[in-house]
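Shared chain: chain A. Partners: chain B in the first complex, chain C in the second.
Then we have the complex of A and B:
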């Protein structure tokens, strides 16, 4: 072990647990407090909900909790019994199973008063939310953000902008109160502030050795997803950023013997994050960056802080996943330079088709332009049945040998 | 002309669309490929091109396997294979945002081929004026793309009159829709046209010269009118799902004495359930007709749209069962299946295929057992 650097747990982590507990307690008590609960997709516009005092609940965040608790297989199997194919998105099928009475890590989610679905991350969410809206008998709003294969056109911008007007009207109708646009601008400012802090936190891993790894980012991501647009979120990330700076100063890092810096593509394999983190650390590899957690600050460049309302359409349409695979490959190449990456691991995720299809071509583009080795491992973010320990470990070994050479 | 002769012509094209398109191409037709039934092929026709739908005819996926993972739907792989293998003679391709997989297939084609490429973005939400306005703009964008290319082909540029060419294409296509629907109505009561024949007609229609198609369908309608219509069908089936991934099913149903009274596949009647009414704003008229046609599972038009639509169809045609035919990994339809099955008043059989035109022994037995039980 490199004696100069040491590994220590991230202290702010305990605060995250406290915040998330309070968040869920408040959501479960929403009806008693006269508050509405909205289920919303992870890429959906949460700021208008916060501005309307609606509690946003993220089934995908719940999916991550299910995965981390290793309950994925049980819930997906239950959904299969309801007729949902095991080839469908496991976040969706696990959520459907939980809604129909099977217990998840927190029992079940607080019941929704409405569903808000934005298809900037995938089309699966449209079908998933349609099913849940029928089941809970609640209104559904779909924000349709057409994919920007090669560019973001004016007519797409106008189409999405008009839908935001419809979203505001939808929320006003369900909540029976008017949208406070001044408050929305304020929430927007907090949201931008949180995204900037999140980007700064992720950027601390440009330091070698990195003060945290992508595995830590997967954990600390929860607030930028769920509480973006609140003071709680901004304060948390401010503290986390300070801790990262202190860790760099005090020579505390994720992998003390960090020799190789690797970028992760696609969602985490939630039930194997600890196992993978140990396997990589044993081989002096640190996952210093990933395309998944950085997606929550990827549209910062399209947001005008002084015109948050006017920025909503590009900010929610021009996200990492909602563009052509050549653009995605170029984003990864920029990250290779920025984080001084030696190799890339792509999780070919059976559950997430828009993230995974195109990876073979992205791999070719990266190889041609950078010569950086790319390993593809096939698994599922939630369903343990798709993961083979022995096979993946030997592939990681082969990949590490390539990094050594 | 006899019914049999016309049906044989459709069968030849359905069995070998490649030769048909090559012949067209050799005779000077410029072919524009399109991948989804939401692409308004009348626009492609209007600008002097021949629209040919990529139906995923490839039965092996050697080329597409190096671009798409094993858990990708076989129809998308077959579509990609059709294009990458260059068996279809074309210089242009129009994709649509059908589903997540097809959006990535579009990227893969754009990056890996020399085809001039256009992404025709159909709104996912089809339930609002905002969607209609956006779709109208996409239609105008597609027309712009085609016009720029057609001008290069036109001998006399001054003679190019968009509106009159588009209007006459719309009239031709309206004629096709009406005659195909009429034929389908007759076919579901007639023993003169088998399930397989009707599938061949639907399939070939997306490939054929549209003027020739209109004439042939009208001839067929006239011939059948003159023959006796028998209503002695034993088992009435509604077929639903995406693009047909197992053409062999029609023959199995024919042999079992079952009749597909409504072929709701994307390679069936769905694309023809359009009515074009000319109002003077052709792009609006086309957008309206696309939004009003029966929806694809990948689109949204209300929480119960597809369920109620299928319930109505079952009732109208007195169907005794539904066969849900989908390629494996087809998310939009597989998500729909449990709720549709629950809500229908007749038995529903789910058939998933993981390879083009491959249904193994047990599935064949399931079809036969299903037909026996209804």
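Then we have the complex of A and C:
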């Protein structure tokens, strides 16, 4: 035991519950307050919605809550009973099950007045949102962001930019009011500020031992997804960043005996985060970084803070998941260097095809360029039926033995 | 220096006793329901063979799925590390181990000193494992030990296309009803396992010499089917099935 460093819970965490409760209460009360609710994909452009006083609701964030509450299996099975295939994304099927009356961790989501779907994260969202638009009988906007296999062309930029004009028109029509572009720039500034703070928070783990782990990042991610573009989000992350700096100063960390630093790829296994974090800590391993939570600041470099409107197209097209495998592998290699990781664990996520497809190729690229060992474990972000304790524990144990040898 | 390695797999339990880096006794049996009884029995069996008692053993390491149940073990190490160590002990030049066990299969890439450089394991599916053969033997009403020799006289091996053990069983039953010969079907089953294991192992950089370990190494049909993919330099050691236990006992020698 390294007596110099100690483990303590992150204090800022306690504020999250209050913020998220208020956020959902406001959304449930939207109709009484004359506000609109939009369901939006996790990688969707939320800033125009905030600028129009629309409350964004994220079925994927709800999916994470379902997973963490271990309700995934129940909801996915219900959707399978409705006729949805077990090969579909479990976020989609769990969301559909909740909309059809099956209870989730907060009952059900506030009903939408419109749906905003951006396919920069996957193509499943298109069909998922079409189904929900038919069910709720509300208008649907689809923002199509072409995959940037090797580069981001001027044509792509123009193609996406024009769709933003259509999005503004769509929002104006549904809300029956004009878009305030000055307000949009202000929301954009807050969004960029939050993304920068989020990146800084994630970067505090470059310190060894890390003041927090990727498991903490999975938790604190909620606000950059749901409330970016608001003061609440900026204030929360400012406080969290300060706490992380204090933790480093006061020798407080996630794994006091941190010997090995590991990078996680793909979504968390929400129903197993506690189990996994304990397994890793017992083996003196700290998950110091991950490709998932950092995706919410992955396009910062393409945003001009003084021209948010003009930055929307690249910001929402050039995100981590919407690029070719070589670019993704290079991003991981940069992270290996930055966070000084000894190994990588890739979660081959049954649900998330765009994230999991290509992992074996990325593994090969990493192996050839860095010699850092990569373990692939198979599971699902939400559906417990895809997780085998004994098999995964064996693989993690063997991987830790390999790191120790 | 006396050490013991106990490997508790899903199908069989194995024990090896080493004295100053020499194998002095080994034992093997079915695991069954009571894991604790299984390792206690196999350890006493091996000790009896070596004319030793438990308190004479300096260091015990357990491995395999049931490794945590061995309360007298000084250390528990995964079967990946133990198979690498066992292969290095039996054939120091080995660079790749392919292990086909009862319910999983794995490929391990070794460093010169027997350390694991990298490994891959089968996914959640039982196809490509010993269990697949057991299920098929039942469907074919053939003793599993006869599988190897029967496949040697196949004339036209069938193609099993299903990736799932359960569906492959249905496929085999339909082939039986179509009148395909038992030998051809068995040879097809072996090819199916070899193909699956080979594609898994190909995710690693397969370097020769390659050693096949695990109970399935006793099946000449699977061995030949794998040789078609990997070439003739596939090493089958007589201790193939005991390799994990030997590796555990060898690591116990090194770590004492």
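What we mean here is this: the second predicted complex is superposed on the first by the 405 of 405 C-alpha atoms of A that agree within 3 Å, B and C clash if a C-alpha of one lies under 4 Å from a C-alpha of the other, contacts with A are read in each partner's own complex, and residues count from 1 in each chain.
Rule of thumb we're sticking to: a residue touches a chain if its C-beta (ideal position, glycine included) is under 8 Å from a C-beta of that chain, and two chains touch if they have at least 3 such contacts.
From a predicted model like this one, the values you see are computed outputs, not experimental measurements.
J.: Does chain B (first) or chain C (second) touch A:232, or do both, or does neither?
T.: neither
J.: Using the touch definition from the top, say if A:378 reaches chain B (first), chain C (second), both or neither.
T.: Both chain B and chain C are touched by A:378.
J.: Once the shared chain is lined up, is A:402 touching chain B (first), chain C (second), both, or neither of them?
T.: second
J.: Between chain B (first) and chain C (second), which, if any, makes contact with A:84: first, second, both or neither?
T.: Touch status of A:84: first partner only.
J.: Just to be sure I read the superposition right, which of the two partners does A:156 touch: chain B = first, chain C = second, or both, or neither?
T.: first
J.: Let me test your reading of the model: by the given contact rule, A:394 touches which partner, first (chain B), second (chain C), both or neither?
T.: Once the two structures are laid over each other on A, A:394 reaches chain C alone.
J.: Touching A:174 in the superposition: chain B (first), chain C (second), both, neither?
T.: A:174 contacts neither chain B nor chain C.
J.: Report for A:333: first if it touches chain B alone, second if chain C alone, otherwise both or neither.
T.: Neither partner.
J.: So, A:20: does it touch chain B (first), chain C (second), both, or neither?
T.: In the superposed model, A:20 contacts neither chain B nor chain C.
J.: Common interface residues of chain A with chain B and chain C?
T.: Shared contact residues on chain A: 360, 378.
J.: What part of chain A is in contact with chain C in the complex they form?
T.: Going by the criterion above, the answer is residues 360, 363, 367, 373, 376, 378, 386, 388, 390-391, 394-395, 397-398, 401-402, 405.
J.: Over in the complex, which chain C residues touch chain A? Could you list them?
T.: Interface residues on the chain C side: 65, 77-81, 104, 115-121, 123-124, 203, 205.
J.: What residues of chain B sit close enough to touch chain A in their complex?
T.: Listed in rising order, the residues are 66-69, 71-72, 97, 99-101, 103-108, 110-112, 119, 121, 123-125, 128, 130-131, 133-134, 137-138, 141, 297-298, 300, 303-304, 328-329, 331-332, 334-339, 341, 352.
J.: For the complex, give me every residue of chain A touching chain B.
T.: Touching chain B from chain A are residues 82-85, 87-89, 92, 119, 122-124, 126-128, 130-131, 133-134, 140, 142, 144, 146-147, 149-150, 155-156, 158-159, 162-163, 166, 324-326, 348, 350, 353-354, 356-361, 365, 378.
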